[in-house]
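Residue numbering begins at 1 within each chain, and the chains themselves are lettered A, B and C in the order written.
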Amino acid sequence: MITLTSDFGTPYPAAMKGVILQRTDTRLVDVAHDLPRQDVRSAAFWLREVLPYFPLATHLVVVDPGVGTDRNALVVRAGDHVLVGPDNGVLLPAARRLADDVDLEEYVVDETRLEAPDAARSIPSATDAGPASNTFHGRDVFAPAAAKAHEVGPDALETLSVLEPATEYVSLDLPEPTLSANRAVGEILVVDDFGNAITNVPGSFLEDRERITLDGETVPVGETFASVPVGDRLATVGSHGYVELDVNQGRGDEAFGLEVGDEVVLETAD
Amino acid sequence: MITLTSDFGTPYPAAMKGVILQRTDTRLVDVAHDLPRQDVRSAAFWLREVLPYFPLATHLVVVDPGVGTDRNALVVRAGDHVLVGPDNGVLLPAARRLADDVDLEEYVVDETRLEAPDAARSIPSATDAGPASNTFHGRDVFAPAAAKAHEVGPDALETLSVLEPATEYVSLDLPEPTLSANRAVGEILVVDDFGNAITNVPGSFLEDRERITLDGETVPVGETFASVPVGDRLATVGSHGYVELDVNQGRGDEAFGLEVGDEVVLETAD
Amino acid sequence: MITLTSDFGTPYPAAMKGVILQRTDTRLVDVAHDLPRQDVRSAAFWLREVLPYFPLATHLVVVDPGVGTDRNALVVRAGDHVLVGPDNGVLLPAARRLADDVDLEEYVVDETRLEAPDAARSIPSATDAGPASNTFHGRDVFAPAAAKAHEVGPDALETLSVLEPATEYVSLDLPEPTLSANRAVGEILVVDDFGNAITNVPGSFLEDRERITLDGETVPVGETFASVPVGDRLATVGSHGYVELDVNQGRGDEAFGLEVGDEVVLETAD
């Protein structure tokens, strides 16, 4: 099984699928292709929260603002999972979660040894340096690399001639909140498609609370969206286990005026 | 085969897929994940119109404004099909269509007996009441239930320890029009992605008509979009068999000023 | 393998999938279902650029402004690939690319001999002329035809009773640029989801150039998006091999004020 995640919209993901299906007939599963454009941190969050629900798989990830520069293509073994994507940190939070922070191995793709997709060989942009385009490494580099990694599996990545152990790579840590018994200073990590503003404050901060203050303003705490009237605001523990600022059947980001990256100060109000 | 339908956008459907694929390697087919948010009736319409084209399958449906409340999770056997989703009526119109109104059985999921997804066990929101989050039953309840229902199939649902026969459940009937020979009082059931405003008036009302009036205004009747010039309005029989108010290569909802739920009065104009 | 391409949004593609899966259990792969509405030329471009990356497959394409008129349903054999869609030219550029302009055969679907989908038989719009709706040939004509074509494969299309050799069909050529050593007069073929404005000028026009003029205005040439600061404009060779007018991490169409169909005059500026 190979999962695919990108910020490509359509139809570019289909080209990646074609390239993979030229090489393997394994199952393909889309995670998302409409992640926020060029937003490495949001993608890292979603991968960390979604990939652990999957059985063993190779995970192809392309959120890649640096496409065409000399940033490497990275392959990470995380336990029995393999992640393939740009060396910009996007793979690391998910890899650490999948492997419980152990059993991690990082490899760099030697692009000059990678067999590029058939159809790409004749495109005008192919150069002496290799057959890859400069703008679509998802198709020309990451998809072939993912197919190769899938073929040998996590235990034999070191046998692939296109991979070399990574001597260094870009790490990425999602920000941690500052917590005390009655106060949490955190940040909006992502806003989901429903408009729920998801913080990095663990849900336990809301335990046994009926209300909190957000930046000084009182907000009711609810176990479910429906604990407040339709259209009303609430703080709740979202499905990822973090405090979310939501609206019952509405958009929390708009109601609270919150965006990704905004600091939030939560305080107990009892 | 398991089909998936929701109003989730992305990437939440991927978490449901991972959970299912931990339990079965059957084919997964997306029906839609961008249905109108929290709109049970629209979802019920689309399921009723689309699912009958599928071969035998388990159909996972999550349009669930009451997530986290004490509304039940429902499993409905409809002939050789099985539908799994919230007990808010969304499954019923499709189930009745699939089973020709007979051979229907309804079960309630005993969530305390359901094995929650592995990755969910450690989330901070899990409580003594069970391992499910309060905001994402698609992942924590419906997906595991659908995998279980798929595993045993429609003829053995009663053998599942997580299911109990439903003594009562929420029904839902899509509204019926008031029809006479020359007059139909109906309603806009849904607006599709093209902007076609789909009524609940059967297409036979347009038979042998060249024009009708809509709320007093004359509208040409066409067998095809192209029977009127590009940009012009028409009434036609849509692919579901109902009268639609459309624009050739344009949006009927905007041109007619119609929204879901609006009453429409159609009269013969000949 | 059957690929699916349309401008349908959702959930109409699911009905096509159900119809196909009633007839075959082959793999289904979505190319895109959100192509620009009714835009035959854009769809033809994307198919030509994406389908060559796929292994042997049947390609179902429905971008069909003339649905319900007497335009034919076309089946094209292109080497080992088969394309199925409306006879409006949309299949031809991809077919020629897939078959290197040789080994092409065109067939017309005899719709009266096509077995319509089960669930469609009872819809009110079915007429004596046949069981197909007038507005959804993707479900009622093209999907069944694609399943049949897939079943027999490219070498036996002539054995299908529902196909007749096409004596004529609609062709379509994407526009060609006018090129000299220092000047290219081209056109914006498509704007992709990133906002990249993709011309029909071959990338070789940028070779060894550091800047060009676009309609008289100087634009830097970059090998990668990142060769200019974030937010800056550039001309580059896109992944299809054509000159694109882009913005690093932004939308080229907006920054350059360009739309599909606009003429562009590129001149060397050195």
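The criterion applied here is as follows: a residue touches a chain if its C-beta (ideal position, glycine included) is under 8 Å from a C-beta of that chain, and two chains touch if they have at least 3 such contacts.
A quick note: this is a predicted structure, and the numbers were derived from the prediction, not measured.
**Q** What is the set of chains touching both chain B and chain C?
**A** Touching chain B as well as chain C, we find A.
**Q** Regarding the chain A and chain C pair, does the interface count as same (over half of residue numbers shared) or different (under half shared)?
**A** different
**Q** Counting only Cα atoms for the centres, state how far chain A is from chain C in Å.
**A** Chain centres of chain A and chain C, defined by C-alpha means, are spaced 30 Å apart.
**Q** Got the chain C residues that touch at least 2 other chains?
**A** Where chain C is concerned, no single residue meets two or more other chains.
**Q** Along chain B, where are the residues that touch chain C in the complex?
**A** 1, 3, 5, 27, 29-35, 46, 49-55, 192-194, 202-204, 223-227, 236-242, 244, 249
**Q** Can you check the complex and tell me which residues of chain C touch chain B?
**A** 8-12, 14-15, 17-19, 21-22, 25, 28, 37-38, 65-69, 117-120, 123-125, 133-136, 139-140
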